[in-house]
Amino acid sequence: MLKIKTADLPALYERIAQSQDLFLPVRSAGQTDFALWQKDAQVDLDTLKTVKSPKDVFFPQSETLYSCHREDGKLSVTPEELCDKPFVVFGMKACDVQGIAVLDKVFLSEPVDSYYAARRTHGTIVALACGRPETSCFCTVFGIDPAAPEGDVVTWMVDQWLYWDAKTDKGFALTDFLHDLFEPADESTVEQVKTAIRAIVKKLPYADLSLEGWGAQAADTRFDSPIWEQLYKPCLACGTCTFVCPTCQCYDIKDYDTGSGVQRYRCWDSCMYSDFTMMAHGNNRTSQMQRFRQRFMHKLAYFPANNDGVFSCVGCGRCVDKCPSHLNIVKVIKAFGKED
Amino acid sequence: MQKIGVFVCHCGSNIAATVDVKKVAKMALKEPGVCHAEDYPYMCSEAGQSRIAAAIAEKGLTGIVVCSCSPRMHEATFRKAAERCGLNPYMVEIANLREHCSWIHKDMEEATEKAVILMRAAVAKVHLNTPLQAGESAVTKRALVIGGGIAGIQTAIDIADAGYKVDIVEKTPSIGGRMSQLDKTFPTLDCSACILTPKMVEAAAHENITIHTYSEVEKVSGFVGNFTVDIRKKARMVDMTKCTGCGVCQEKCPSRKTANEFNRGLNTRSAIYTPFAQAIPNVPVIDTESCIKFKTGKCGVCAAVCQAGAIDYKQQDEIITETYGAIVVATGFDTIKLDKYGEYAYGQSKDVITSLELERIMNAAGPTKGHLERLSDGKAPKEIVFIQCVGSRCSDDRGKPYCSKICCMYTAKHAMLIRDKYPDVNVTVFYIDVRTPGKNFDEFYRRAVEDYGVNYVKGQVGKVAPQPDGSLLVQGVDLLDNKQILKKADMVVLATAIEPNPDARKIATMLTASIDTNNFLTEAHPKLRPVESPTAGVFLSGVCQGPKDIPETVAQAGAAAVKVIGLLAKDKLKTNPCTAQADELLCNGCSTCANVCPYGAITYEVRLVNDHGIREERRVASVNSALCQGCGACTVACPSGAMDLQGFSNRQIIAEVDAICR
Amino acid sequence: MQELITRAKALLESGEVQRVLGWKQGEHIYDPEPAFFDSAEALKDFVYNGFCGANLSKYMIEAAKLEGKTLVFLKPCDSYSFVQLMKEHRVDREKAHIIGVGCKGKLSVNKIDADGILDIQGAGYPDCADTLTVDTLYGQTTVSYKDAMLERCHVCKGKEHMVCDEQIGESADTADSDRFAQVAAIEAMSPEEKFAFFQSELSKCIRCNACRNVCPACSCRKCVFDSTKFDSTQKANTTSFEEKMFHIIRAFHVAGRCTDCGECSRVCPQGIPLHLFNRKFIKDINSLYGEYQAGVDAQAKAPLTSFTQEDAEPSIVAEGGLTHA
Amino acid sequence: MSKQSELIAEISGVNPLKCMKCGKCSASCPSFNEMDIKPHQFVSYIQRDDIEALTASKSLYKCLSCFACVERCPRGVKPGKLIDAARQLVLRQRGQEYLSPDEVPALLDEETPQQLLMSAFRKYRR
Amino acid sequence: MPVNQNNEEFRPVIVAFCCNWCSYAGADLAGSSRLSYPADVKIIRVPCSCRVNPMFILRAFEKGADGVILCGCHPGDCHYSTGNYYARRRMTLLFSMLDFIGVENGRTRVEWVSAAEGVKFSETMNSFVAKIRSLGKNVRLGDLRCKN
């Protein structure tokens, strides 16, 4: 266990950035999101939840897959180069790290998504324990401990200190690189903090949310429930929940005509959109109720059915905070709970 | 994928001198879908067109791009050529390499580079062209003539004689127009009324002509072959079917102080009146603004004396709606107002008059019964000065920049008539130039000088000063003598500039016909289509198009009639297929498009729509392609992009933009 | 609130209306959701408080397709949107029973600077407090009602309902700032400053389309950005151009139709002041073509579907004629 | 056009080519008879670049600057402005040789109407 | 990127939308009168100025245009009687919005050019190109992907 004064963090950032890209929560125009660290960046470790999850560090909102170029009637195809430089993501919360674990299940299983895999290989995750959990948090429901996140390095903010604990080889390598900035620390301080966090978490309004009835079996039992008809009504069919979610992984593939060629790129898609999975024959989900149901059934039933019971919700609560209609997965879970 | 052929025209050396046409053709072959490209000296020639035909046949082209002159020149030519080979004419696009490229650039490299880009844009567009079929619309076999002067009458008679129905709409109570106000006509000096009245009678009696006098065009909608026109028939307060035209009402009318418009306000008339004796129809109207009955409610003399019981104070304006295949504008002219010409003392002295007022004075039915006398004191003038170009050829805002064309001749006529009838009267004409192109015109003017002793002075008049003794002191200049002239005159006559009827602009706007800065209606082509307006189905007759004398007016009236007859002779017209189309799946039914459509071509209907399996009743827009003229206003007003324009679709224009910007 | 429920029950029971469109109690006081209530019994969850900012007009498009009448509660500013939708034939006035509900300013939980909010006192209606008391996981705090109000309430359009069948509850005109002050402040910037301002605001945009989907004016069945008609389909912003393109075109499409209801700014997860785009157009329209408030009169000619012959030329922009107006 | 003609065109703001030789200026001119070069001829001198003759002419000082010709010219040629510009040319060449304001009172004639004085100032010195 | 002042080397890409009835004919007249203007201007024919969607203008900028000009019939002379009045309002608002977000306002222009105004057409294009050259490359509205 090591520690560094929070006042010295800028030096730490600068050191990391000397040799690799550093992504961390940056405040810009009143909002905090993960962004590339630059000298004048306003780093914000106080905001618990960035608007977007940091998943776009590994799975960008939009990325080019390959480019086609036409000249003299011939077509050349240039694949986009894979990420080949190491980078660090600093300040990911426990839920966000679990979100990456969910994405791994999708993108790293066969067929492996090489773009994502390359980033995972080169990225080092420095997780930060949650100092002040929010009303909308319910990660513990999914067995996540916000006091002790996973990650290559785990850190805790205690008073004027950041405690630093490397967990993996990548984490040790990064720690070695930065070793002169740290001083040794006492683990007991961190243990106290963990206890404090866990105490708050118990008081959270959604702490005792029950997932009973969800999981693989829900695919059969809850698909045809009349509750969906009631629940979806306020949904505006926007993509806010999807785009702020740490685990939503759907994307669309599109072509952009640059005038001299075509860039094939993929970008996030939302199952809430009416043209989601639109194909030549039309759309397989024609009503908003179906689209709405899809999102929650995917997170709470289909995904666990295919992934050993792991839910693809991590309880970060971003959708709870951001839904324009105050509609969210908690209300969905509770609605079915009441019915049972 | 289309198979596109690109044909690059040299236009002799017009294009080839500045654009490397071979390179344009070579570059065309690199464009996707282009499977044929060639250049040729004259693509529009018979031989050029047959090369296009051959390529279409050999290569099975589905679209062609001709890189040539402006599409306004030869688009129709190449479309017809394509059609003859079985290719839909709307699969042809033109890249304008002449007017927009070779003629304005000097540097070959630069011009060629631009030519290639213009070619690319046309190729990009033609990729998205779809075959379009021109629709057909029926032609209403009836014409409307707006204005009942000699131009309108002549046009109407000519059309009617060809067997088509014609309506004349005349604003004043009688047809006849300006010509009915004239005394004699140049260069023959025959009596205006004597030649006009038979025409008026002929029109009135013609079985194919309907005359709406005291009426105005209120609203025009529709398009060539199918105009719908609202005509306001102003209340005459006299029942046309009962009135016998006896005239007793006019004699007995106690209100006699209204300025007589027909006599240019030189005398007065009664409140119930016919403008002149030969008026057609010979049915009076009540001028409700002067009529005591209408002003105070107490009178009713006319109704009391009318034996036919034709007076009807309760008559209301009536709006009739008629449909026409063609519309002829014959709104004529007026003289300009002279309030900005203080130096001529018009309005200050009664003896300074306009030429048109002199016409009335000289006319036996005029305010002086044809006697030449001063309006101030009734005395016979001994010295008369004519001033030319009053308000004509002025580049300032007091007058008009054009030559009014008729003044030189009518002044010669007036001078001659006066000298003939009153040999003791001296006549002096101040002129800038004497313009007499026309058959027997210069001879006529020379007669005035040589045979009648009219004194022509080259120079202008600076000032007309009314003197205490009632005479007028005219200060002018004789430029040839280089002397200033001070001349005492008893009467001064101003050759006042003419301008289009003030209603012309209003009517042009209703017809969407274009109009120039002087309010003359614009012709479709100044040389080749002088009697047609650029708006299809609208024709021009008489002075509304530009200053003209009577023979020219009559000639143009006949020409306009021929154009109308040519149109009405067709049973169907091909309509422009480049019309708007609404995509029912995208349409919101919000009516925004209908709000901007100038033709009322968009209506809404509730229709059962199948939107990818969702069946529901929706309110959706529907375009009447016979009414749509293809402006595209709706396509931009539509927020969802449901409205698109065939031939100029969103994707076609975007493809051109992309091709140019790449 | 009880009055609203009683009236809704009566209308449901009499068969006058088939359903009620209102707000439903959420997990907390600050997260009520728009909801349809089919029965008197369901109305037990009905709520109306300071956090019922959602404009229900747009839901009436779908309601118009259902059998029978729908009872809808509209706040004064929501009623403008309903009139505008009527004008565009998107809602059916005959199938709506509108209760104009009073409003004393609506709140945004985002404006309360506190972590772990559990409960808020003083946000009720009609009895709202000048100061809200906020209970949080980390203690109690207070915030003035005004400070927690949505941006739109500071430029409140007034207490009048533009359309309703009956009215329940008192309203307050909460306007306390100049509607166009922010726009004018940006207009006064140099081009570089303007560009930097919008670049930093718009670069936050994640193209979730919440602004579009909540907007009562953006009621297209299929948005141009979702259709292939313009080759303009975009799912996510790939470059800074696309952010601008989307927001400019969106604002342009609702220009003259936007009632300035402020829903776009309310729902933006990134807190982008999207109302600035709409308000810029409103300001320009007012100064160029005469004062125009969309949603007041369903018969009035809209500024972009009408004209006068004397309209200003587009060169007025380059001449700076609009920035000082 | 020579430099001087161009200068006159520039000072007066008049395009002499617009003249259609109608003579309205000369017809309007109250000083016509005293002038050696008549108002309608001004443009010809400028067109043919004979500025010397124009500046040497009596007309330069016979023009009363009443502006009747300026008002009435149908083509906007404004001979009064042309001759005024010619005067200006002369004045510029002459340099500082003009009355200074304090010299004026001594030269004043009791009988001279104030208006004439003003137009004289305008005429001889702008 | 520095602003190129009167950079003669810089060849801007300029799109000119011309209505078929007046301005396109005006451009034809400029051509037949041999009134030159820079080859940077490329004309797209549209039936009426009211056919020009703001999307087209933004699209041009996206794809690399440095200036966009719209020419139509003079107000009152529209072949379709009212099209240019709508275009005038639309473009005024669009230009104002572009100005509002910090795009140099000289990059867009509307001019009314009649079929008889070949001289005006050529003068307009000359002055517009000069303006765009002074503004330099469009960097605020382009799509970066189109630059390579």
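Each chain gets a letter, A, B, C, D and E, in the order it is written, and its residues are counted from 1.
In this section, a contact is a pair of C-beta atoms (placed from the backbone, for glycine too) under 8 Å apart; a residue touches a chain by one contact, two chains touch by 3 or more.
Given the structure is predicted, the values throughout are model-derived calculations rather than measurements.
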item	value
Mutual neighbours - chains that touch subunit C and subunit D alike	B
Any chain that touches subunit E and subunit A	B, C
Of B-C and C-E, pair with higher C-beta contact tally	C-E
Label of the chain whose CA centroid is most distant from the centroid of subunit C	D
Relative to subunit B, chain with the most remote C-alpha centre	A
Per-chain Cα centre nearest the global Cα centre, belonging to chain	E
Centre-of-Cα separation between subunit C and subunit A, whole angstrom	30
For subunit B paired with subunit D, centre-to-centre distance based on mean C-alpha positions, whole Å	45
Euclidean distance of C-alpha centroids - subunit A vs subunit B, Å	71
Overlap residues in subunit C, where contacts from two or more other chains coincide	222, 224, 230-231, 238, 304-305
In subunit A, residues with contacts to at least two other chains	256-257, 259-260
Where subunit B touches two or more other chains at once, by residue number	596, 637, 650, 654, 658, 661-662
Pairs of chains satisfying the touch condition	A-B, A-C, A-E, B-C, B-D, B-E, C-E
Sites on subunit B touched by subunit A in the complex	30, 32, 612-614, 658, 661-662
Complex interface listing, subunit E residues touching subunit B	13, 15, 20-21, 24-25, 27-28, 30-32, 34-37, 39, 42-48, 50-56, 59-60, 63-65, 73, 76-83, 86, 90, 122, 146
Contact set on subunit B toward subunit C in their complex	583, 585-592, 595-596, 604, 611, 616, 619, 637, 639-642, 644, 650-651, 654
Subunit C - residues contacting subunit E, complex	183, 186-187, 189, 191-199, 224, 230, 232, 238-242, 244-245, 248-249, 251-252, 255, 277, 280-281, 284-285, 288-289, 303-305, 307-309, 311-318, 322-323
Subunit E to subunit A touching residues, read off their complex	63-64, 145-146, 148
